Amino acid sequence: MKKDLSGIWAPICTPFTHDDVDMEKLERNMEIYSKTPLRGYFALGSNGEACMLDEEEKINVLGKVIKKKGKDKLVMAGCSYESARGSIAFAKIAHEEGADIASVITPHYFKKVMSDEALIKFYETVADKSPLPVMLYNAPGFAGGVQLSVKAVVKLSEHPNIIGMKDSAPTGPNIFLAHVDRKNFSILAGSANFFLTSLVMGAVGGVLSLANLLPHACHRLHQMFQQNELKNAKRLQQAILRVNQRVSGKFGVAGVKAGMDYTGFYGAEPRLPLLPLSLQERKNVQLAIDKFLQEYPEFSFTARH
Amino acid sequence: MKKDLSGIWAPICTPFTHDDVDMEKLERNMEIYSKTPLRGYFALGSNGEACMLDEEEKINVLGKVIKKKGKDKLVMAGCSYESARGSIAFAKIAHEEGADIASVITPHYFKKVMSDEALIKFYETVADKSPLPVMLYNAPGFAGGVQLSVKAVVKLSEHPNIIGMKDSAPTGPNIFLAHVDRKNFSILAGSANFFLTSLVMGAVGGVLSLANLLPHACHRLHQMFQQNELKNAKRLQQAILRVNQRVSGKFGVAGVKAGMDYTGFYGAEPRLPLLPLSLQERKNVQLAIDKFLQEYPEFSFTARH
Amino acid sequence: MKKDLSGIWAPICTPFTHDDVDMEKLERNMEIYSKTPLRGYFALGSNGEACMLDEEEKINVLGKVIKKKGKDKLVMAGCSYESARGSIAFAKIAHEEGADIASVITPHYFKKVMSDEALIKFYETVADKSPLPVMLYNAPGFAGGVQLSVKAVVKLSEHPNIIGMKDSAPTGPNIFLAHVDRKNFSILAGSANFFLTSLVMGAVGGVLSLANLLPHACHRLHQMFQQNELKNAKRLQQAILRVNQRVSGKFGVAGVKAGMDYTGFYGAEPRLPLLPLSLQERKNVQLAIDKFLQEYPEFSFTARH
Amino acid sequence: MKKDLSGIWAPICTPFTHDDVDMEKLERNMEIYSKTPLRGYFALGSNGEACMLDEEEKINVLGKVIKKKGKDKLVMAGCSYESARGSIAFAKIAHEEGADIASVITPHYFKKVMSDEALIKFYETVADKSPLPVMLYNAPGFAGGVQLSVKAVVKLSEHPNIIGMKDSAPTGPNIFLAHVDRKNFSILAGSANFFLTSLVMGAVGGVLSLANLLPHACHRLHQMFQQNELKNAKRLQQAILRVNQRVSGKFGVAGVKAGMDYTGFYGAEPRLPLLPLSLQERKNVQLAIDKFLQEYPEFSFTARH
């Protein structure tokens, strides 16, 4: 049964206290998100620092997100491993935990030999054996420059258990959207920087780190597009781009966490080698959010509690 | 107590049969290596496909390498995790298993924020808490382009529990060798392509994937350098570079494994997304080795059994 | 007096016969273009192979484009030199020839030291001394990866003699559009791949190599956007992206020229080291155009003559 | 008649006064160089800022270098143009001026299509028509990342009018040296960073920007290698690498010019967009040279006058 993936997805952050996963803080964040119009969550992704969690931590985090997800929300579980075997094994666990979708980044450690042929075989094997439908995750910024080609995505989009792609490449998904039959393959924008333009070209939604701190703003932008308010949408998109660049763009996950701390969530510290923001950097993040909320005060009420 | 790291290290490959680690084949490879003049082994490195092994497989492989290492040989264990926490945890396991050194690649998933400050803090934290002495592993080809700066290496070389660096960047370690006090910090070349020139500039040895298939040739090159036979060394280095490029350079780990199959070891198949070589590719690897052994027949007798 | 730059610009190709500029073929192309709804021309740009023309050839080509431009059309002249001195000198010549605007690519030979400071000083000096208003030209694909930062563009947009930017970076101009006051600074999309999305975000037009072969299709897309026919625009944009990728995207200038030959212009051969397309490549270009014209037959009548 | 290219080549800088070429300062520099053991000069190269000189300036500079070259010294003239036509035309001029060799960098503006096929055709056409023997110039740092492949160099080395290659890629020429028949093809190291190791592997000399300020030190390193003083050579190479990094490595041409000012030559200012060094940067260059001369005082006497 095909799921409707349209809408905003938050790539859930993992709060740490003294380098341990803080399940209580995660639970409180989920309680707030569950009352927002978010479509769903991406657990164990890049913003979740999944590459730095051990297996037990990953299962605990995923379990908590699923338990607290709220009504009618979907959970996409990061099942990214360098081997097909690893991705399949975790997709089975995620399925047992109750996740809806498995997201798998392009393998990249052996970048030199990650040809179309290798990536297609990898994803087809994972999709054949995964009990969950699979989302491709194209993110050269995290994957050492490896990215999916149009040819590979067109081929993979025909697999019955591959349902879509999250595209975080800085060029955005426009090229893929022009080549893929989007009836059976949903494309999600992977950055707030190009969310509106991706919608214009056919994306059904976005997995946006900014939704971790400003979920209502992201949702409203989607709504404006759906209601054909293009001028308003452009203005909001530009404000969103500006704040996004000064938070996630400049500081990555640690910036998103500092922003969450400021808008009423529990961001907490990242895990080493990610460094927490300095006081000055933290102030810069807050200033960027203040500036955004001065222009759009309507998005400040819910997140701050 | 400082260990002498001089000599040739083989970055041990992990043979798979039907996608499972084949411990028997690994054991037979180790039996041959144990009778060669190799200085030691790098277990759980890139050539060992460690990023695709689960924790249990890693411990089994490491245990086997240590058990079969042969007299007076050292074992460096890959303890590469994206988090300091993960690297420390595995260094403790490797220490219990009997490894001598912990090798840790630069973390790289969050490439954008891997500043000198982040990398220095990461390695200092790992070195503070690791029961094993730590080797830095600089390999931008695997680490998505992340590399250690001269400044970071100079700083880290002062840490009492950081004993050296393996450098696999295509430029070779010459710049580091000119800036670091090499009394307390040993640099190993990470590619046969620049082994001789690294020795000339002060490296003490090399971790060479070619040593997996042609250990004697690599050892002889080191010996020629030590005995000041520079003209012979140059000729052998050039032949080694040519075969290395056509095996590991062109095909990566799968090429090294095909080469091992040909010279009398058990390379076996790589794990997906690495693809095994096609028949034609396999022939090309064999031709490159044949060409090398025609020029240097003295290196053929031991490996073929 | 501020000029309205809105619309489609063709980056005029330079036809060669036996390695000499073929002024007659250039003239015939201009005669056709002059009857199209193009806003203007970019002479001596990348598609004009300006980097391979000598000074005399450049002046002849520019003179011809200006003489044959047609009523109310603007001419932007490529004044790209590695030195400020060179750009200024040519801007004076272009002014005397009757050009309207000077376009200057980021200098890039000394990439390592092309800091914000250097690029800002360069452009400010050129703009101070150029008799023509200056357009920044951001094209990392031609400029060895050098690109203008948001900070540099914001600063340069305040200069009274800098009137805009053509952005050919694969990410498109969205980030610049969100940061620059666009009342006094016009941004043009530099690729048909992201033309519609650039318009949505505030670009006033595009300099599109595809306009060299399919000027009416490009113009119609702009019109659809202006008339708020967003669904039709999306469909046409996707078709344009597909043909653009198979012509300019795959083959560069030589592909554009082969496409021009097919749609009724004189593309002719490129200058070495650019290679003319093989017969098979030429057929692939023609097939891509046929496919586009099957979907949009209304754009075929004018160009074919 | 084959020329012996062995030795140190200085890539002559072009001094500017108020943005004009200062022929008098150039002449004085040449008078000093002519009394050194330099093998020859590379005029109109990257360090000569040739890409920023107009045709008349280029001819004047080249003429001056040739006139003042000193007995038995060779002059290599930069004949780098994006088109084969341009390179051939200037090689004819350089020949008339009395140059010995034409050096041509890889064309790179159209990077995307600079295949082996295009580069081979380009160089073969230039070599066919150039009255001067041609040196390939591989310098991805200036050429936007374009570099010659082993396959292309092997093919081009067979052309009777291509006599060698200058390699400035950070990996150094070792891979080329292992694949090319060096009887008819001389390879020169293009950076002092890897001069000694290139000699060890078969290079015949180097075109070293450091020779502009410290010609005797560079020459002595070559001599040590020739006299098989490998330990002394290693120590000097490391000191040379350190000073080279802090001068040319950090600041490029402007750093080399500041260094020349300090060691008794006329560096003078670079041309915009190159920026002159700040006072602090200039001091850092001087400190680096002081440190080198403290370790090697024997190289200070000649340059300072």
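Should a chain be cited, it is by its letter among A, B, C and D, assigned in written order, with residues numbered from 1 in that chain.
Here is the rule we use: contacts are C-beta pairs under 8 Å (C-beta built on N, C-alpha and C of every residue); 3 or more make two chains touch, one makes a residue touch a chain.
In this text, all values refer to a predicted model and were calculated from it rather than measured experimentally.
Asks: Looking at the contacts, which chains touch chain A and chain B alike?
Replies: Chains touching both chain A and chain B: none.
Asks: Can you check how far apart chain B and chain C are, centre to centre, with Cα atoms defining each centre and the answer in Å?
Replies: Centre separation, chain B to chain C: 49 Å.
Asks: Centre to centre, by mean C-alpha position, how many angstrom separate chain B and chain D?
Replies: Using C-alpha averages as centres, the distance is 36 Å.
Asks: Send over the residues of chain B in touch with two or more other chains.
Replies: Correct list: empty.
Asks: Name the touching chain pairs, please: which are they?
Replies: A-B, A-C, B-D, C-D
Asks: List the residues on chain C that touch chain D in their complex, please.
Replies: That would be residues 19, 46, 49, 51-52, 54-55, 81-86, 89, 107-115, 117-119, 121-122, 125, 141-145, 251-254, 271-275 of chain C.
Asks: Okay, in this complex, where on chain C does chain A touch?
Replies: Chain C residues touching chain A: 150, 170-172, 174-175, 177-179, 193-194, 196-197, 200-202, 228, 230, 234, 237-239, 241-242, 245.
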